[in-house]
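The same chain A turns up in both complexes below, where it pairs with chain B and then with chain C.
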Partner chain A sequence: MNEELELLLQELALAEKVRYCYQCGTCAGGCPVAGAEPSYNPRRMLEALARGEGEAVLAADELWLCTLCHTCLERCPQGVGLSHVFTRLKEIAAARGHLPESLLAELQTLYSAGRVIPLSGPIKRRRAQLGLPAVDQQSGLADLRQIVEATSLGRVLAAARAKGEEKNG
Partner chain B sequence: MARVGVFICHCGSNIAGVVDCAAVASAARRMPGVVHAEENNYACSEVGQAAIRTAIKEHRLNRVVVASCSPRMHEPTFRRTVAMAGLNRYLMEMANIREHVSWVHGDDKPAATGKAIDSVRMAVAKVIRDERLTPGKVGITKRALVIGGGIAGIQAALDIANAGHEVILVEREPTIGGRMAQLDKTFPTLDCSACILTPRMVEVGQHPKIRLATTAQVEKVSGFVGNFEVTIRHRAKRVDHSVCTGCGTCWQKCPEKVPSEFDSGLGKRTCIYIPFPQAVPNKPVIDWANCRYQRYLAASGAEKKPPQCRICEKLCPAGAIRFQDEDSVVTEQVGAIVVSTGFQAFDHSAYPEYGGGRYKDVISCLQLERLLCASGPTGGEVVRPSDGKHPKTVVFVSCVGSRDDRVGRPYCSKVCCMYMAKQTILLKEHDPEVQAYVFYIDIRAGGKDFEEFVRRSQEEYGALWLRGRVAKVYEEDGKLIVRGEDSLVGRPVEVAADLVVLATGIEPSAGADALARTLGVSYNDYGFIVEAHPKLRPLESNTDGIFLAGTVSGPRDIPETVAQGSGAAAKVIGLLNQDELVTDPMVSRVDPLRCSGCLSCREVCPFDAIGSELLRDGRTAAKVNESSCKGCGLCVVTCRSGAMNLRGFTDQQLLAEVVAITR
Partner chain C sequence: MASYALFLGCAIPNHQPHLELAARKALAALTVPVLDLVGATCCPDPVGIPGLSHAGWLAIAARNLCLAEELGADLLTLCNGCYETLKQASHELEDKAVRAAVNEVLAPLGKQYEGKTRVVHLVELLHREIGPGEIARLVKQPLKGLRVAAHYGCHLVRPSEVLGFDDPERPVSLDELVTALGAVSVAYPRKMLCCGAGVKGMDKEQATNISRGIAREKFLNVKMSDADCLVVPCPTCMAQYDGNQGLIERAYGEKYELPVFYYAELLCLALGVPPADLGFQYHRVKVERALLKVVQPV
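Right, the complex of A and B next:
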């Protein structure tokens, strides 16, 4: 297991009581996602972490199914901060370039266009009809790119690019 | 002239593995006052003690230091040893070179040896200033108080009374019987609970040595082991039990109905009532807060008064109704106290995801128990509280108020798995069409015939046990949908139930913590009273003479509770069979010449052990009641004029110890 993940798991063991899980299944039973998609099971994810299979949890697409409704966290009798744990794991996965394509596409659009939903012909027309001022596409774009590059978003983007090249090359 | 002998114990390798005991012995020989020092493999063994006695004779020792373990372990042992050799037993000091040295400094042996030598030097300095002390004697009141009349208190009271000692049994409710009286059957034998309990209750009611005080509470406790003074408040019953015949006319005719506590709120009772037909005493009390006549009196002066009612008074053939009855407060002298205030079921309204009390058909296990019981509100018919229909699918939810940190109950209540198994069996026997589901985290069935009993629930009675804790219960089309995960399969499951039963856990009775403070005994975070030692003194509180029985100290089942009742009784009998108690002489002493009579010591004394006396020269001085004093030393540090001293820990001794290690 890589060092970063190991450190994170040590931190989560303290901050989010990951090791307190006694596998009762309250999280999985109450999870709205697990109800719709049985392959997603928060109890199993905690079990895998306890078994030292953190890498597998990071690599699994299911990690990204958590909607952060926090029901599991509210109900856990042992006070494990499940949704917080999943958020931290997502951060590491993303930093390695492992994130769903839809999210990556959003991030790339943000970087290239300055907004998650880029200005399109129809939007411009609609703005004109409503009498809204025209938007300067370039305004603030440089600043935003600087922010992305300076923060972990830049790491995510770079990692995703590297992974993409690896795949293509 | 002090002739001190020092005995350094190896405790096998416990001490000798770290501390250089030979070096400690040779260092001890050079200490002032020491005439002899020797090592010993196990000083507490017969051989070791004999060596100490021999050395006392041979070297004419008049003071002894044993350097070994904590005085908590073996101080009484070595006191007896020196006493057998003819020394006053208080002329012995222990230097703790195990817990304080070898067990904690294993990583630095030379320093550990140095610390051991310092410890011995301190003990030598102290023992030289030890005085001969003589224990006092105090009489015993041969009467016991039992607080709480559940099965634990009943058992304790009967055992003590049968041994010939008088017992006062105080019960808060109008009847004894406690939680066991509410149960239908008991696991794992399916004995009828009332059938085995009520004969004991009757025995208590009729026992010549037992004074039963129902609707009564302990308000104040003072004194000490053998001589407690207890203040008991007898709440007004408003029925004269010396006249009442228990004929039942009043409670059949009383027009005011309120939810019955005995039926866990499922049935109704009248306002003049006995909680259940086999109640002891079998005479009613008036629930004054709900009584119509009370409301009439309270409305005096109002324009529109409610009717006077007073039907019970009119109809009572014995003329036993006493509306003007008031609380009475009496003090009693007792020698020993048994605390058996038991438990209450956890209130499941703390669980919003299980309805938090909103759904009528989500009930507690105690309520199901009342529905199963032939003397219950439905005469033994298990029906849904909402529509009175017979439920066919019943889901049990385990660990409600147990093993849950969120609601402050992280402990296991121990009995729930078993009573769920029992109830699945009873449900099937009531109605063969019932399908029971039990959601559990773990099945905890540790006990004689317990595991087999759970197997019977599964195999003979077809209950489906699903491993997983229930996440949510909600209503849909007249059914209760229970969602959880079957964690053995790894999938969320939903069961559409007619009735949901919550296995509510055990928590201390309301007010148990306040009573513990009144008694001066410790209790834990949850309000359970702490035992003097969890393994070796499970029936004693940390206050001498106050004993524990049943669920007052933690979750327990019936056989264990009964065993504890008998065990606590044995402790009480052992105490009351003595004619006098030996008191510890290591208590505070006043020097009247120095005492300024400010009596600050009296203010701080937690044991009410300090009074005052008028000296012949007209001054007032503090006076210590040596049988109440526990030797805590609070008065010593409070005293401004240095007049207070603790025998065995005098200022001179403590200073000598300080000087010994700082020189």
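Right, the complex of A and C next:
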């Protein structure tokens, strides 16, 4: 049933729209990451996909720089839905173990605390000083862990753990 | 008015609780009925987590949507990231087949999502459901003469087809809410530029440099407008512009000295909440100079 969910989501994914790209470069022109780092170029990534060089795109570090600001999605005259395409590609890369350390750490925190930003001692005290109610991080945690384990999030986590043990062992 | 289930997320309660304080005080001052959302988890993060597993991201979001549905309340977010995740998820869950598949994951937890939760951002509530006119009427202490550069952030308006709140390129809501407080909303270039906080990367140093470069571009553009401060509707933009401003100044050898406010903070001031009752001491960039323009020293 879970595979069914994942397949459905793949159907929803917009990958097939990739072929509508006519290389106008509007996406690259408005991209904040490309503005700060000229080696990042969403148009070129689309070009590579159209040429059948998807493997190279998946393996490239650049894939992970997209901030998902959706400027390209809004502006693309061909409705390619780039930001969603990049997210889908990240997912495939992550399943192969190609993902940033920082993101893996984020997933580990999500699993252990139920939040990507956990509550720290100083903030707990600050909340009390400000007269704010205590944060309850416990009541949803078991549910969240169960969801992680029931979906491909669990597989990414397990692969990362195995990798970590390999490194340490 | 409908009741709102308050979805706090992570970045506000666990990193910048002074923003929660301002939001709670503003909602109370406007007599908006708010319910706590017991058992909520991370929304989860709309930039990182879907890139690891769309299915996991969607199911965690669906569980959060269930909690508000069980209360029979609309879900109110104080953060652009939570808004993006929960509204995008609720949109995807309108598809019956997707919802059925997600409900199979939720069934062992004793949860089923029926697709009823409406997701609302604080700015949307203020602009669409209360309205700038009504807010202007309630203002006790107009922020006269304060020049404010409004920053919307990406996930308040994009993707517009799903969020459907304001124009993705030329939005007006936050500007109108600034004007409603008696302040001036200044024009400046590249207003819709991303804050850059979401840049992750295989090479951490490269990601950090890109993230700072994007934020610097915003500071330089805002400085051109002679604004007294920036205002943001999102804790992630806040952490980037306020929390990291000093680091960015040092990285580029520049000085911006630009105070940053969360919109609810300005709203509280205009509604007559004394500044000492808010958490301005937790801002990294001193706000006093901007405050002195509009409120009596405390």
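For this structure, a couple of remarks:
We adopt the following convention: the second predicted complex is superposed on the first by the 128 of 169 C-alpha atoms of A that agree within 3 Å, B and C clash if a C-alpha of one lies under 4 Å from a C-alpha of the other, contacts with A are read in each partner's own complex, and residues count from 1 in each chain.
The rule is short, and it goes like this: a residue touches a chain if its C-beta (ideal position, glycine included) is under 8 Å from a C-beta of that chain, and two chains touch if they have at least 3 such contacts.
If you're wondering where the values come from, they're calculated on a predicted model, not measured in any experiment.
Legend: residue contacts after superposition of the two complexes on their common chain; A:Leu49 is shown touching neither chain B nor chain C. After overlaying the two complexes on the shared chain, residue contacts for A:Leu103 are found with chain C alone; chain B is out of touch.
Chain A is touched at more residues by one of its partners, and among chain B and chain C that partner is C. Of the two partner chains placed by superposition, only chain B is touched by A:Gly29; chain C is not. By the touch criterion stated above, A:Val116 is placed in contact with chain C alone, chain B being left untouched.
Shared contact residues of chain A, touching chain B in one structure and chain C in the other: 35, 71.
Within the complex formed with chain B, the chain A residues making contact are 22-31, 34-35, 38, 41, 43-44, 71, 75-79.
Touching chain C in their complex are the following residues of chain A: 1-2, 4-6, 8-9, 12-13, 32-33, 35-37, 40, 61, 64-65, 67-71, 73-74, 83, 87-88, 90-91, 94, 99-103, 106-107, 110, 114-120, 123, 126-127, 130-133, 135-136, 139-141, 143-144, 146-148, 150-156. Interface residues of chain B, counted against chain A in their complex, comprise 353, 399, 403-406, 441-442, 467-472, 483-487, 490-493. Those residues of chain C lying in contact with chain A across their complex are 8, 10-11, 13-15, 17-18, 20-21, 24, 36, 38-42, 44-60, 63, 92, 95, 97-98, 101-102, 104-106, 108-109, 111, 154-155, 158-160, 168-169, 192-194, 196-204, 206-207, 209-210, 213-214, 217, 279, 282.
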